[in-house]
Structures are given as C-alpha cells and as structure tokens.
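Chain IDs A, B, C, D, E, F, G, H, I, J, K and L follow the sequence of writing; residue 1 opens each chain.
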Amino acid sequence: MYVVTSPLSDADLKTVGDALQGALVDLVDLSLVAKQVHWNVVGPRFRSVHLQLDEVVDTARLHSDTVAERASTLGVSPDGRSATVARSSGIAAAPDGWVKDVDAVQTLVDALGAVITRMRERVDGTGEADPVSQDIFIGITADLEKHHWMFQAENG
Amino acid sequence: MYVVTSPLSDADLKTVGDALQGALVDLVDLSLVAKQVHWNVVGPRFRSVHLQLDEVVDTARLHSDTVAERASTLGVSPDGRSATVARSSGIAAAPDGWVKDVDAVQTLVDALGAVITRMRERVDGTGEADPVSQDIFIGITADLEKHHWMFQAENG
Amino acid sequence: MYVVTSPLSDADLKTVGDALQGALVDLVDLSLVAKQVHWNVVGPRFRSVHLQLDEVVDTARLHSDTVAERASTLGVSPDGRSATVARSSGIAAAPDGWVKDVDAVQTLVDALGAVITRMRERVDGTGEADPVSQDIFIGITADLEKHHWMFQAENG
Amino acid sequence: MYVVTSPLSDADLKTVGDALQGALVDLVDLSLVAKQVHWNVVGPRFRSVHLQLDEVVDTARLHSDTVAERASTLGVSPDGRSATVARSSGIAAAPDGWVKDVDAVQTLVDALGAVITRMRERVDGTGEADPVSQDIFIGITADLEKHHWMFQAENG
Amino acid sequence: MYVVTSPLSDADLKTVGDALQGALVDLVDLSLVAKQVHWNVVGPRFRSVHLQLDEVVDTARLHSDTVAERASTLGVSPDGRSATVARSSGIAAAPDGWVKDVDAVQTLVDALGAVITRMRERVDGTGEADPVSQDIFIGITADLEKHHWMFQAENG
Amino acid sequence: MYVVTSPLSDADLKTVGDALQGALVDLVDLSLVAKQVHWNVVGPRFRSVHLQLDEVVDTARLHSDTVAERASTLGVSPDGRSATVARSSGIAAAPDGWVKDVDAVQTLVDALGAVITRMRERVDGTGEADPVSQDIFIGITADLEKHHWMFQAENG
Amino acid sequence: MYVVTSPLSDADLKTVGDALQGALVDLVDLSLVAKQVHWNVVGPRFRSVHLQLDEVVDTARLHSDTVAERASTLGVSPDGRSATVARSSGIAAAPDGWVKDVDAVQTLVDALGAVITRMRERVDGTGEADPVSQDIFIGITADLEKHHWMFQAENG
Amino acid sequence: MYVVTSPLSDADLKTVGDALQGALVDLVDLSLVAKQVHWNVVGPRFRSVHLQLDEVVDTARLHSDTVAERASTLGVSPDGRSATVARSSGIAAAPDGWVKDVDAVQTLVDALGAVITRMRERVDGTGEADPVSQDIFIGITADLEKHHWMFQAENG
Amino acid sequence: MYVVTSPLSDADLKTVGDALQGALVDLVDLSLVAKQVHWNVVGPRFRSVHLQLDEVVDTARLHSDTVAERASTLGVSPDGRSATVARSSGIAAAPDGWVKDVDAVQTLVDALGAVITRMRERVDGTGEADPVSQDIFIGITADLEKHHWMFQAENG
Amino acid sequence: MYVVTSPLSDADLKTVGDALQGALVDLVDLSLVAKQVHWNVVGPRFRSVHLQLDEVVDTARLHSDTVAERASTLGVSPDGRSATVARSSGIAAAPDGWVKDVDAVQTLVDALGAVITRMRERVDGTGEADPVSQDIFIGITADLEKHHWMFQAENG
Amino acid sequence: MYVVTSPLSDADLKTVGDALQGALVDLVDLSLVAKQVHWNVVGPRFRSVHLQLDEVVDTARLHSDTVAERASTLGVSPDGRSATVARSSGIAAAPDGWVKDVDAVQTLVDALGAVITRMRERVDGTGEADPVSQDIFIGITADLEKHHWMFQAENG
Amino acid sequence: MYVVTSPLSDADLKTVGDALQGALVDLVDLSLVAKQVHWNVVGPRFRSVHLQLDEVVDTARLHSDTVAERASTLGVSPDGRSATVARSSGIAAAPDGWVKDVDAVQTLVDALGAVITRMRERVDGTGEADPVSQDIFIGITADLEKHHWMFQAENG
C-alpha cells in the first residue's frame, strides 16, 4: 500500500491535512460560483463584472491545485469531487438564474468574505504544525483579500 | 425583467437548452473528476498520467465555458453550481483516496465514455433545432473521443 | 479569361455566391458601424463599450475576409467596395454624431440582430448546395450571437 | 449635452476638423479598395500582390483609427459610415470583378496617389492651427508614400 | 488483443474508416508532392511559389495527422506507410527533375483538384454514419479549396 | 567638471531646458496623481477607472523618462526629486482619501487639462530653439490629449 | 459612505495601516531617487550604473503598488501624493545636478540602507497583527537587500 | 535549360549528389515510419512513446528539407516522391496495424539503426568531395544517434 | 577590505550564514545528482524519468543561486566550489554507471528526503535570526517536497 | 525608363535628395565605425562599451534603411555602396587595430558629433521643401543625440 | 600593450587571420551590395526580390560579426572599415541607379558566386591550421550557397 | 544488462569516451567556478562581470549536457558527480572568499585557458575515431575561445 513518508508528526499532519482539505473545497466552490455568476450576470456593468469574475476563477483554480498537491505531498489524499464540494463548501449557494450586476458583485463580496474568514483561521492554526503550508495559506489569503477589496470598491 | 430575443422557437429552445445544460454539468464534472485523479494517482506511470489528466481538464474547462455561454446566448440561464453538478452529472463518482495508475486510466476511460454517449445524443437531437449548437456539440465530441482513444490505448 | 473550376453546379453556385456576397456586405458594414460607435460613444460606460466594440470589429473583419475569399475560391468575384456596402447592407445606418453609451449598446443590439437574422437564412439556404460554405456561416453565426448576447446583457 | 473643452479656437477647430474628417474617409476607403483588390487579383504575381495589399490595409486601418480618435479628442464627431465613405472618398471606385495583377498594381498606384495629394494639402493646411494634428498627417503621408513607391516600383 | 469500443455500428465504421484511410493517403502524398515541387521549382516566380508550397505542406501535414488520429479514435488502424501511399494515392505522380514555375503551379492545381474531388465525396458519404468525421472532412475541404483558388489565381 | 557639448546656443538652451524641466515635473506628478486615484477610487465604475488610470501612469512614466533624458542629452541636469515635484508641479493636489468614481474621472480631466495647457505652450515656445525637443512635446501632447478625451467621454 | 469590512481589529489595523503607509512613501521616493540618479550619473561606469538603477526603479514601483493596494484591501486609504512623499520619506534628498558614478552608487547604498532599516521594523511590528502584510514586507526586504548588496559590491 | 554553376567537379558532384539523394529518401521514410507508429502504438507507455515519436518526426522532416535543398544548391534535382521513397528507402517496412509499445520502441531502434549506418557511410564518403555536405551529414548523424540512444534506453 | 553592513547581529549572522552555506552545498549537489541520473537512467520509464529529472535540476539551480546571493547579501561569502560540494553535501553519492528506472526514482526519493530534512531544520533555526532567510528556506522546502511527492508517487 | 511621380518640385527634390543621400552615407559609415570599435575595444570597460556599441549599430542600420527608402520613395536612387561611403562619409576614419576603452568612447563621441552637426543642417534645410523628410531627420537626430549624451557621460 | 594568448602557432595564425580578414571584408561588402539592390530594384518582381535581398543582408551581417569576433578571439585585430571594404572586397561594384529585377537577381548571383569561390578556398586553406575557424567557414559557405541557389533558380 | 550498440570500434570508443568524460568534468567544473566568482566578485566592475559570468555558466551547462548525452549515445556511462568533478577537473580551484573584479576576470581567463587547451587536444584526438564527437568538441571550443577573448579584453 502507498504510504508517503511525511515530514510531520501524526497530530500535525491531522491539523494541516484538515486545513488543506477545507481550503481545497472552498477554492473549488469559489471557482464554480464565480463561473456561475460570470455566465448569468446582466446589467450595465455586465462586461466589467464578467471579466473581473474570470480573474477570480483563475485565482481559485490556481490555488485549489496548489493546496490539493500540498495535501498529496504530505501524504493526505485530497478530495475535490463535486459531491464533496457541494456538501462541505463554506460558501452559500449562488443565486439561481440571471443576476443583476449589483447583486453579482454582492454575491462575490459574500463568497470571498466567507472563504477569507476560514482561510485566516487556517493561517492561525497551521503555523506551529507546518510553516510551509502556513506560507501557502498566507499567499492565498493575500490574493483573496485583494479580490475582496475590488468587489467591495465596486459597490462602494 | 431581462429577456433575450432568442433566434429559436420555444420548442427548439427547450430542446437545445436542455442539451446545453446537460453538457455543462457533464463537462464541469469531468473537469473535477480529472483533477481528482490528477492529484491522487500513484504508480510507475504517475507522471505520464498526471500530465495527461491536465489536458482533459483543459478540454473540459474550455468546453464547459463554451456551452454555458451558448446557453446564455440563447436566453437560457446556465446552472453549473456544485450542488447541481453533484446531482445531475452523467459520470459515476470518482474513487475515494489514492488511485493506482492502471485504475486511474480506467476511471477516465469510463468517465469519457459516459459523457461521449450523452454528447452524441445531443448531436443527434439538436441538428434540426439549432445547427449552431449542434456544431458546438460535434466539436466537443471530437475532442472527447480523442482523449477516450488515448486512455484506451494506454490500457491497450 | 480567368475561370475557376468550381466544384459546384451552376445553380448551387448561384445560391452560395449570393449568400457569400450578402454576408460580405453585412460584415463589412458591421465593422464600419462598430468603429463609428467606438469613436462616438460617450457616458459612464465609455471605456467598457469602446473596448467591447473593437472586439466586434475584429470579428467582423476576420469573417468578412473569410467569406470574400470563400467566394473567390468558388469562382465568384466578391464585391466589398464602399458604394456596394452603402447600397446593400442589411444594417440600418448608425446614428450621426455623439452617442450616449446606452444608445451605443442598443445600436449594436440592433445591428447584430439584423445581421444574425440574415446569416441564419444563409445557414438554412446553403446546406444542400455547399456544406463547406454552410459550415462557415454556422461559425460566423455563433460568433455574432455571442456578441449579441453580451450587448443585450449590457442593457439587461 | 456632451461638449469637449477643445484646446483650439473655433476657426482652427474647423480647419483641423475638416482635415481629419477628410483623412478618415480617404483612409477607410483605401482599406476597402485594397481589400477589394486583395480578393480579386489574378495573374502570375497573385501571391505577391495579394500579400502586399494586406499591408496597405493594415496601414489604412491603423491610421483611420488614429485620425478618427484625434477628431474625437478635439471635440469633433468623426463620421466613417459606409454611406459617408461612398459619397466623399477621394479615391476613384475600384474596378468591378477580377483584376489582372498589373492592373491591380496600377489601381493602388492611383488610389495611393489620390490620397497622398489630399494628405499633403492637410499637412500644409494644419501646421498653424494644430501642430499635433499636422504631425499625425506627416506620419501618415510618410507611410502612404512608401507604399506608393513600392507599387510604382512593381510596375517599373 | 487491443479493441477500441467504437461509438459507431460496424457498417458505419467501415464507411468512415475507408474514408479516413483514403484521406490519409491523399494528404500524405500531397505533402510529399508539394515538397518535391518546393525543392525543384525554377523560374522568375521561384521564391513566391517556393514559399506558397510550404503552406500547402503545413496544411497537408496537419490534416493527415488529424484524420489518422480520428481513425485510431474510432478503432481503425491507419496506414500511412510509404508503400501504401505510393500505391493508393489519388494524386498523379509529380514530374521528375526541375520544374518551371508555371508548370509547378499547374502541378499543384491538378494535385489539389484531385484530392478535393475525393474529399467532397467523403463529405457526402459520411454525414449519416458519423457527423464528427464529416465535420473534419468539411474543414479539410475548406482549406484545400482555398489553396486551390490561390494556385488557379496564380496562373489566371 | 562634466560639460556636455550642446548643439544649442545658450539662449536656446535656457528656453528648451526650462521647458523640459517643467514637463518633467508635470509628468512625474501626473504619474503620482494617477496612481493615487488608481488606489483610492470606489464606485460602480471602480474596475474600469482603476485600469484606465494605469494607462495614464504608463504614459506619464514613459514620457517623463523621455524628457529627462532629453534634458541630459542637451547638457541640462534634470530634477525629478519628490520635493521639486511637490513644489513646482502644474497639477492641483489630488483629493485626500477615497474618491467616488465620478470624482476620480473629474480629477483626471482636470489634471490632464492643466498639463496639456502647459505642454502646448512648450510646443509653441521651443520650435525655433530646438525642433527635436518640440517634436517630443508634440508627441506627448498627442498622447495626453487622447487620455483627456477618454476621461471627458467617461463623464459625458 | 464607503467602509471596507476589515479582517483586523482596530488596533491591529492602525499598526498595519501605519506600516503600509510608511512603506508606500519610502518606496515611491526610492523610485524617484533612483530615477534622478539614473538621469544624472556620469563617469566610466555610466552605462552599468544607469541600467542597474532602472532595476531598482522597477522593484520600487512594483512594491509601492503592492503595499498601496494592500492598504486599500484592509480599508486604509493610501497616500502616495508628491507632497506626502516629499514630507515623510525616510530617504535623504538625492544630490542636486550631475553625480559621479562612485557617488551615484553611494547614494543608492545609503537610500536602500535607510529604507531597509525601516522595512525590517515593519516586518517585526506586523507579524502579530497581520501575517499577510508581514509576508509582503518580508518579500520587499529580500528584494531591497539584494539591491543593497549589489551596490555595496560595486563600491567594494 | 536550367543549369546551376556547381562549385564541385563532376565526379565529386556525383558522389555527393548520390549521398544526398540517399539521405533524403531515408529521412522522408523515417518521418513516415515514425508517424505510422505514433498513430498505432498501444500499451502502458502509449503517451510517452507517442510524444517521443513526434520528436523523431520533427528531426526527420527538418533534415530531409536540409538535404533536399543542399542537393538543389549543388545543381542536383532531389527526388522525394512517395514511389521513390517506397522503392529505395533503407528502412524495413513498419509493421501493419496496432503496435504494442515495446515493439514500437524496437521498430524505432531498428529504423534509426539502419539510417545511422548509411549516414555514417555518407560522412566517410563525402569529406573529400564536399566538406559542406559532410558537415550536414555529421549534424544529422548526431541527432539521429541521440534519438537512437533514447529508444535503446527505453528498452534497456 | 570589503565589508558589507549586515542588518543582523554577529550571532544571528553566524546562524543564518551557516544555514545558507549548508543549503547552497545541498542544492548544488542535488543538481549534479539529478543530472547524473538524467544521463544514466535506462528502462521502460526512461523518457518520463529523464524529463522529470531536469525539472529537479531547474529547481535546484534556481534555489542554489537564491541562497548563494542571499549569503552575499548578508555579507557572508558563499562557497559552491566542487571540492566543497563533494566534501560537505548532505546527499549520498549517486550510483556509478547505468541506473534502472526504478532505482533512479529511488535515488531521487532518497536524495530529496535527505535535503528536505536538513532544510526543515534551517526553517526552524532561522526564524528568530532572520525572517527573510527563513522565508526563502520555506519556499525551497515547498518546492523540494513537491518533487519528493512526485518521485514517491512514481514508485507507489 | 522608370520614373517616379514625385510629390515635390524639382528644386525641392534636389534639396531633399541631397540631404537624404548625405544622411545615408553618414549612417552606413556610423554603423561600420561602431562595429569596428565593437570588435577592437579592450580594457576594463570592454563588455559595457562592446554592448553599447551594438545599440549604436542597431540605430544606424535602422535609420540608414529609412533614409534610403525615403529617397527611393521620392524618386531619387540612393547610393550606399562601400566606395561611395568611403569617399563621402562625414566621419573621420576609425583608428586602426585595438582600441583602449577610453579611446573607444571618444571615437564614438567624435563620430556621433560629426553626424549630428550635419543632420541638424538637414533638419534646418528641408522643412520648407518636404516636412515629411524633415520629420525623419528630426527623429534620427533625437536618437543620435541620445547616444551622444551616453558616450559623453561615459567619459564624464 | 594588449596581447592575446593565441592557441595557434604564428604561422597558423597568419594563415587563419588572413582568411578571417578576407571573409570579413567580403561579407560586409555583400551586406552593402544587397542593401543597395534592395533599395534600387524595380520591376514586376520588385517585392519578392526586395524581401529576398534582406535575407541576404541578415546572413551577411550575422556572419561578418562571427568572423570579426573570431579574429579578435585569435588575437588578430579585424578591419571592417568602409575604406578597407571598398579597397579589398572580392565583389564587383554594384550597378549605379535603378536596377531592373532581372538584373538585380543577376547581380546577386554574381556577388554570391564571387564570395563563395573565395570562401571555399578559406575552407580548404584553414583545416590544418585551425579546425574551429574552418568549421565557421564551412557554415558560412553552406548559407551563401543556399542563397546562391535561390537567386539562380529565380533566373532559371 | 543494458548494452548500447555502438557505431564505433572498441578502440575508437575508448578514445572518444575518455575525451567526452574529460570534457564533461571540465565543463561542470567551469560552471561551478563561474558561479562561485559570480557570487563573490566585488569592485567597480561588479555588475558587468557578474552578468558576464552567467553567460559562461549558460555555455558550460549547455555543453556539459551535450557531451554527457553524447557519451550515453555511444554507450559510455558519463560521470558528472561532485566527487568526480572535484577529483579530475582540469581547472585550478577558484579562490576562497570575496574576489576583486580584476582578479575575478583573471580567474576566468585562467580557467577558460585550461579548459581550451584540453579541448583542443580532444579535437585533435577524436577526428579519426568519431567525426560526430569531434564536431561537438569544435563547437564547444569556438564558444569557450570567444569567452576567453572577452575576459582577456576586459583585462587588456
């Protein structure tokens, strides 16, 4: 059976593995929510919001790959399947159907806010166990908070 | 309320809209399944399969965007949210945990086979209603069948 | 005298040649209308609409070249001269002078709508005579309808 | 109502605005004439002339955008619509139907010659009123005269 | 033994497989003929024809790969070996030794004409059996007919 | 001591050197003002204005380098230090704190307007003394006036 | 009124906000000082130092943007206006007029040294309050210290 | 009649011309064999071998062009037509139908080995007659032997 | 004599300097070991492992440069000479002669494992003394652990 | 006989043609002098001066092409043959043999100075006759004077 | 005084140095002759010959740099000044004034032929003395002979 | 056991294999020496020498890969491990600690000189046994001698 020699103790591995799995689910769902709004937004700011959302998708896809491969690196099998995402994501379901641009922006403000709160807990919770994973969470938080600012400024 | 002037009759729109929504869900799930295996594959063919899977992800992401925007173009709101995908995808759930390379290849053979069968039905079912959408389904089928061959040849 | 060996019968050639010439005029005029509005739009959405219009110009120029060269390929001399375009385009004249952004968007919705209607007739009318030309019209229709959606969504 | 604060006096603005509008029409028509011949040329020099014409198209499209946006910059609404171009261009109508390569070259020699004569008058007429616009006309003249040489040398 | 699960019935597979094998041989031979003339052409149009021929080579190589891999995708082993090509190509043998430019152009007009005739039969013969393969043949025909026009125009 | 052999007389050098130094200060300050608003803008047009401002920054940085190096070329030491810029810029101080998008646009309209007025005086004042420097000022004016139009059109 | 939901407590926000504002001013001034010397350096090492200084400018501009946007992200309005920079920068004023290459290098050694000292204090002072901002300061310090080494080595 | 002024004596020209013609045939056939296996390989190493084969194709195509144009340069008409290749290639016919990956590798080991043996004879046989052609054969041999090593190592 | 003004105390400098020198030696040796196996690997996975090893070489070369220049930055002369590397590397000598692919993978698993263990000690040991250097070690560890996972998965 | 229709009067053509021919010879010789020193420079600044000289070569080659083609454009046959350049260049012969770096820099200061003086006379002498050619001379002078500054600053 | 430690004996150095100096002069003059004809060619093949000549210029410039730097490498000061080129080139003077395309091609056939004859003598004469320089001459000969073929084929 | 079918006799293989192994060790050590000085150089020419050294590193790394893979190609296992390099390199150990720029240049002059002497012996010793390997040594010698010249010229 396949076992990775992990550089972490079992307790640390549990802590970090849970954080990575949680981040994976949040980021995959963020990419799906942002795409959903990307396709359904309408209103005078359509083009601007439509393009801005794809930048969130790029960020979310890039970082979901990073955290999933970090989990594999530590010997923890990552789970990013649709049922898992649907069940355990920290983001509220995106609205059904067409979305007015002002609501589209608010949906992203809320989704990003929910993920950031959980990501900052991961930053706080993993520094002792694995500074390498913590550094990854810090970088992700920086990117998400920048997107969060931009969507807040849009509705400012 | 936002209403797109559709170039199709209501009946045709229903036919084509259902086909596009079905394709969207299949393709989003295919991208998630391929990523799942990309992260969890182990064995002597790890690197080769790992890279091959990301080409499936690229294909699935590209075409999921195309069909979703085609739906919007016709005035049908597309739904690619995680719960919708988990509930209505045509692909069997990917296996849990690490996957041996030979099983990884078979997982993709099966997933691609399932999507191709449904996609060919969409090709057959939409030619009358909307040749533009049919042409998109034909192009997607060509790409998926090529991936299907390559994974079959891997286990040949 | 220069005569191309056409793969089509005379009747089919007439059908397809007329369709290609009609498409050429529509697409050249679409590029001129989009540029006209690109230069004259004013209002809070100026930059967004200004940029979006140049994407229509790129599409129209690319496809006008394709249909003109397809006509030459079949042995039908294409005519894209300014007087011909002014006389036979399917698009209503663009408004004179500065254009408010909301009107700019509507101008494009109308222009694209007019061209799409005629282009779909070309799709329907050429499949028997020349599936190669039909395939070109299908591809053009897909692109134009996508632009059409985006401008409708802008005013949604 | 939209009014640009122009850096020019009314008289200067009239002079420069007329010159820019004239240049716009000439350049748009030059791009259409060059494309027309690009599609219709035949003869042993087909490929060479076909490619050379697209370089004229690139030049004409680039500069038509520059002069139209310069007009907008000064607060003069530019008019590049097909009917306006057909009515007021300084270029004689391109020939109908297929064009032998030697005639194709001569058509461009004549068209470029006509535009250059008018463009040099714009250089002379705008230096006092607006050296910025004059500098644009000088640059356009340089490019057009270089094309003019090349087509003359082709038939030399 | 290696068996691909084909999405086609046996009869359809026979039809489509024969068409793909025929197209493969024609396209490989077209690439060899075009290279042969590329190396042997002489005369005042040497450079122009020499370059133009390499564009035919690029087209032929690209599409030969597409049809061969489409055959493999359907479970039909493609055969592009030199003896098979020499035996079953639809193109007459290219002339021996140096070729005057006017004859070089005519050689390509003839070779392209021969391949196009057969390719249009493949378009007609495969639409029922496999619209995906038909779509590939349509795209190939479009490219070959464009090259055909250009060589005819060269000698026009 | 370092002395450049200047191609200009002392009087001309004084005229041109003052103009270049003035332009340098204006352009450095324009880059700082545009960045300031780039960071502080809020409102529905946030993204559009945010991006547009960085294009002004690029223009201002590029041209500030050009005029500073032109001064060095003529043997006049350029001064672009923060205190010099703060003291002698022709632009009114940018507002403190967050800026609503409509005010952001107006800030740029005003800043660009102020710099353009002074730049046109430099065009008028240096043609006799140094046509090379004048040509640089003409090019800068063209770029600034184009930005000016775009921001005016935004608030049009 | 525009209020960003900050992930930090008020006290932490004050600490981090002050650090970011201080870093912004230092980095903007560093970019101006490096440009000033870039334009005014003379001596046998002119070209080498001239080019090296533009790499400092690139670093300073890149990081000034990062810290300003980080401030906005946290809800603190950044201030990078020329008067603010002139008043609160941690860098001594660059020398007036031409600068010998050896002095140019020393000017940068001093300027970088001053900014690094303050930046290391920001690293120490923000780890508790906001590890994300601290991580940004660490990255900036790494880059500045590398430049510092290179200028010291130049005069070594 | 077209006669190139050859820099070689008739005897040397005969020697070198024969060597170049032989190399041309071998390299064209190598490209066809490698493509044949590229399309027909199956087994766990499918993807790896499939990709590796296309690198052989690139090498063979590049060098076949070089030797054919070298022949033309010396005034010897090159012959790369399919019948000539089928008749005079130094490579044994590739196997019919699907090929297991281990056999695919061996097929290339054999094909490369056959061509290398003949190419080394060309290196030995042309140094006196034409060092320029010899240098080309040396370069080709280096590339082919590198591929040869890689396929041998695959089956090592 | 050349002395860098270090931002660290003597004790901290000793700690960090030793860590950087150790990392330098490990990384240079890792690049040499990976190249050694890159050249000597044989077996069915040859191509895959051969390519994967060059990615380790790239990582090792990139980071060896980073740590050496970080040492110079802090005023500690780095030593990456062959004798120093041979004497003090933390990696066991690579095997002599040809290496079967399975052993090649294991060689890398072991080499990466050895370097990672030491690198994590450097992460732990330098955080107090110099967070900038620690951040560099964290980044290196992340990259090495990812390679480690991939080679473990290969033999999984 | 080949005659270009010149847009200039005979007198103006003589003035401008002489200026262009003079500029051509100066620029070709400048490129040869700069290459000569590029190859022969020695001393501690070797690399810096060696690279800087190639930038002068690029400038000189680019502008020699521009002025020669401008002459052809006006119907004046340009003469850039080696004997003409050797006989009529405005630059003193470059020194024979190896050149110390300080002398290399001075050689360029002198050569650029000589060309600039003559180029400024061309700017003054052609504005009436042909503002298009004058504009070209102005652009060339700007580039040459910038190089002149840099070489003066090198020896400053 | 600057003396390079040459790897060659004095006699070999004399042989090789003379060959390199001769090649330098021929190649510089070839670049000037090709440019001269590039600017002066007229006739129906103008564009084709005009472009082809610039490829000769690129080849000649590239190789003139190579041989000059090879001379410097061996410790022989290269001389590529205009007077030296005019005096010692192996190419007959290019014709004065406009050149018909057929004559332009012949001019290049002759010029290339003259340089090739001398270059082959250099290949023969330097193999004993310095195989490194000989290899450079072989490479240059290959490129020049390829151009020679193409111009001969043009007039074939 | 893995045995490559070598195209060389045993005696020739011994000769060539030894030469390749020697070249490998020299080139790997050259890359380490050049990096060592790259990190440790100080003085007014720091930047220039620092950059120049990385070009030597690039050359040495590129060619070390070429000779190692050439050895594998011939069936000789290459050995580039750190202990082997430390023991058998032809380069004297680089100095310890910081290096003044003038000494840095001399270190490279000496190191390159040592490698070149040995490389020329390899050129002389392998021509009979294997012209392909000899050609590789000739190319390496050309590159190394060019670097040698540049460093000698630096200290000239």
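Quick notes on this structure:
Definition applied: a residue touches a chain if its C-beta (ideal position, glycine included) is under 8 Å from a C-beta of that chain, and two chains touch if they have at least 3 such contacts.
None of the values given here were measured: they were computed from a predicted structure.
The minimum number of touch steps linking chain A to chain F comes to 1.
Repeating the H-K interface with over half of its contact pairs identical by residue number, the matching pair from G-I, A-F or E-K is G-I. Distance from the chain A centre to the chain J centre is 59 Å, each centre being the mean of its Cα atoms. One simple way to say how far apart two chains are is to compare their mean CA positions; for chain A and chain C this gives 42 Å. Chain B and chain F have Cα centroids separated by 53 Å. For chain E, residues touching at least two other chains, in rising order: 2, 42, 45, 48, 69, 72, 98, 135, 153, 156. Interface residues of chain D, counted against chain F in their complex, comprise 2, 4-5, 7, 69-70, 72-74, 131-132, 135-136.
If you check the complex, the residues on chain E that touch chain K are 41-48, 50, 98.
Note for the complex: chain E touches chain H at residues 2, 28-29, 32-33, 35-36, 39-40, 42, 64-65, 68-69, 71-72, 77-83, 85-87, 89, 93-94, 96-98.
Only residues 45, 48-49, 51-52, 102, 150, 153-156 of chain D touch chain K when the two sit together in their complex.
Residues 113, 116-117, 120, 123, 127, 134-135, 138-139, 141-142, 145-146, 148-149, 152-153, 156 of chain J touch chain F in their complex.
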